[in-house]
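Here chain A shows up in two complexes: once beside chain B, once beside chain C.
Now for the complex of A and B:
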């Protein structure tokens, strides 16, 4: 009877937190799926076209509407790349093969395979040196309290506020005075200057997220600073190390501007430079360029597949804690 | 085995934050010493200095007959247990315990023997293959203890090792740590902010506040004869009650007065009081130092109005209003009181504490100790 005295909530004021209806759930799922497909298409379409067109003849590439799946798949473009070192193309022989019929070889084509080698050397060296310098630097800044620690962290980051193009001239003078023009070291040195600050930053955030007590425990257990890093922190920070490997590899693999400035001959030219040179030839063969593009993306894709399980956690590691 | 000696040690962090000021402390060989104080009092910094994890800014730190100021942690024979356990997440329990031995290049047969031995003692023998993430808090704590035990260090350091455990486990682990000390016969330095832990475990307690030692003594000395109001408040649960008042003379004997309340002080206190000549004081009454029955005729009493009655199973706490002050006392279960009732309780004269109000120093402790 007492309950009657309590104020009764009007039906409208009550909110019900019921599970959504079946229709609602289906609709929500469908919308999400459509959004995901659109997004994927946006990301993957250029890649798909690159791969598909590398298997098409020049004639098929320009057909309207474009063929997403090659009607007459051909390996001629790839064959041309590997045949290139045996053939030299000059102004006189430029019409020896017809671009429209496939198998066309640009005059700089023979530089492509050496360029892949150069890119590989530069990128691997940059990755290695990034780890060698970045890991100890980041550990010191994350775990050792010393005077000027904050200043060094900000100093390192501040170097990245300057756009690369503003550094081209100083870099050029520096490299020329060292006598390193047209030498792979010119690229390794300048790429390090660009990548190490980011690598250190990614690693600092990750090391900082690992508890300080681990550092103390390891040192009391008998580790020197260096052993603490190699035996305790490094095994625990594989995701961020992988992020650094990928980041520094991709940056060096794709870099164009500095490579254009410092390399002059096939001796030191990297992949982006040689691929770009195909567009300024006697004739432009899209199918050949696309085949070269497919070769160019293979190493990064292999790398990504290799480290796939670390990638997501590594790339977000620096994001949460700044 | 090691004796640890702090000689005028000061620790200053960057930005001129002083964590420890002019610390003079001798920790004897095989002693169980507890550093007790609120957070930020410098107790953990002191412990880290012993471990070598923090540098000594000024002064000297001695291990036996050697100055160790510049000795890095891995060259000191110390083991440490952390509040967060600090187990290596990528290593198995076995490897966690063995790590310190491996770093010291001990033969693998000996390592295996010591690890299994320690694991058996700590009852974690069946967990050796697991990763720390697969263990409960209590199990992790045991692994952390095992990691320190197998080292057979000269100094065993513990930084709030039980704070992350639940209440029941904490009490049983206290007993185990006590046993560990007896079994290992080595110097233990234990940091805590929990006064009950300090009182149960310590041979000697060092109470710290604001980077300065407040008092050093056995648990009984610290509890019974606090040198100042900080120490008195920090130990005891519920904490000691303070009544601010003045000293005046009644019938030729000194008495504490607050409003209508008068407590004639016993001759032992009166004699000490004469030395100080202080008038503005605080009377300290521990909650358990009241008598609900058997009031002595003419003895000091406490009269107040019951504000709250809190049964806690074994006994009962009363919140009283005494001369405008809240006083919390413990009485036995048989004593029944109602809120709003006026009660008179006896005070044990020998157990009263008296502090100088402006400085907080005890007027009863042996002066200039």
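Now for the complex of A and C:
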């Protein structure tokens, strides 16, 4: 008997027909449990080590073998970051509990909070612009039949695959000629360009999945195109809008290469740039750098855990239609 | 009445554009402006720059040199060494990503308590910045106090602490490992989509025919996953050959030239040697290489819209 010939609903009953033995079920459970534990260890162990060492003192972090959990957990690394703007750290004021490995705080620590602020400003502006520019365009491409529609979609997707490393030279000259070097606008403009193709892609796929009849009904009721978009489609597309917000925020928060080129002083440096500058300074203890790293990953981790569904549906946008 | 009149097919205007076409034009205009100014123009300008000998160390004289920059890049043995390293890095990374992502996708495709927690955790590496990822692995690989040495030493796999990133033979695989950790989630999600589309009656039929779990994997799952695998391999190859962040933070192309890949070469040529012409030529070569690959991705994505 061929299962394919059965009605779809009875496919499950075929599985039950050959219900696995008790031993088989136990073996499956054990295998899944082992796989799940290995998976969790692979993902979480490196991060746990990062977090654990951010709570260790500069003295403890150089233990051999390493202390997997801090024996004397301390908040001094985080305190240093948040206290840094008020106190200027000099050789005299650094805490010299142990001259060789005391709680040394680098003078650049005070750049971290402004960098977080810069990252927030840039990411929020990019999110806003993505929605303002992306939503109308995506609606037009999904719901209005016009000449050149297919070409436009291909064009947008094509800009998405240009490697950022290939854009470094023109971007740099372009931004320099505009006089925007070391200015947050240089980041906002370029991040908008690298995030918008994907945002539009997600939105188009979502708008396409909404029935065209809505469009016709709204138009019959006298809505203009703009009203149809804002009053009918937008409220229905919240999941895709959330996905766009998440993707453009995370891309901007995480971006490194362009920020490395355009920013030169703490005035415009974003969090990744300041954190990266710590890693190349051999005088800075990893306990402190790791605390900065933990601050950099908190927003993305929180967003990923809270909005997992939206992110996954965005990443697989349109895939269900095959 | 006016509403009904408007809903009817709008009359064509003198320019030959209907109301629909005009509104589409207005709605798309901002996007077109942004993309033309900040994506299309730069990539064309990049080609233009690549035809000049533009060195910021000599800003007064910028002669037009036709394709000399490209010739210079192709004649440079350092470039070909960098190409080799890029290929080696990409092969290691993409093979590891594909295998791990398949295993994780098979796990997450099963139904078991806690699956949703694992799916959420899976997204964490994808979400965090590459800089944080690089910092994390730099500290793990640290030759004096790192976790890798500590763990291997405590488990008695090594007798004394070893040099990791500083060892030219180990650098590329270790950087690839950091890259893989960050890229596996996206690859897994793409494969999971493929797994979900396999009709369950295929498995039922295979079971009825007496196929065991390994046979089902090789004769049902993997063939059905081929398109998703193609997408993962092409996409991750594109990501690997252009990758820059890890090379910058972990090794800066070192030790010696051991991790001097093409993306790193572009950066050095442009921002350390201040030779924008050759930098642009090199980045154009990189862009054209990914273009061939991206065509395949584009076709897949465009088909879905």
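Simple rule for what comes next: the second predicted complex is superposed on the first by the 263 of 322 C-alpha atoms of A that agree within 3 Å, B and C clash if a C-alpha of one lies under 4 Å from a C-alpha of the other, contacts with A are read in each partner's own complex, and residues count from 1 in each chain.
Here, contacts are C-beta pairs under 8 Å (C-beta built on N, C-alpha and C of every residue); 3 or more make two chains touch, one makes a residue touch a chain.
Owing to the predicted nature of the structure, the values given are computational and were not obtained by experimental measurement.
Applying the stated contact rule after C-alpha superposition, one finds that A:286 touches chain C and leaves chain B untouched.
In the superposition on chain A, contact of A:222 is made with both chain B and chain C. In the superposition on chain A, no contact is made by A:70 with either chain B or chain C. When the two complexes are overlaid on their common chain A, residue A:153 makes contact with chain C while staying clear of chain B. More residues of chain A are touched by C (comparison of chain B with chain C). In the superposition on chain A, contact is made by A:47 with chain C only, not with chain B. Of the two partner chains, chain B is the only one touched by A:235; chain C is not. Once chain A of one complex is fitted onto chain A of the other, the partner contacts of A:214 are limited to chain B, with no touch recorded for chain C.
Touching of chain A by both chain B and chain C, each in its own complex, is seen for residues 145, 147, 216, 219-222, 224. Within the complex formed with chain C, the chain A residues making contact are 1-4, 6, 8, 11-12, 14-15, 17-18, 29, 32, 35-36, 39-40, 42-44, 46-47, 49-50, 53, 61-66, 132-134, 136-137, 139-141, 144-147, 149, 152-159, 161-174, 189-190, 192-193, 196-197, 200-201, 204-205, 208, 216, 219-222, 224-226, 229, 250, 253-254, 256-257, 260-261, 271-272, 275-276, 279-280, 286, 289-290, 293, 296-297, 300-301, 303-305, 308, 311-312, 315-322.
Of all residues in chain C, those touching chain A in their complex are 2-4, 6-7, 20-21, 23-25, 27-28, 30-32, 34-35, 37-43, 45-46, 49-50, 103-104, 107, 110, 112, 114, 118-132, 134-140, 142, 144-147, 150, 153-154, 161, 181, 186, 189-190, 192-193, 197, 199-205, 207-208, 238, 242, 244-245, 248-249, 252, 263, 266-267, 270-271, 276, 279-280, 283-284, 286-287, 290-291, 294, 297-298, 301-302, 304-305. Of all the residues in chain B, the ones that touch chain A in their complex are 13-14, 48, 51-53, 72-74, 78-80, 82-90, 99-100, 103-104, 147, 151, 157. On the chain A side of its complex with chain B, the touching residues are 145, 147, 211, 213-214, 216-224, 227, 232, 235-236.
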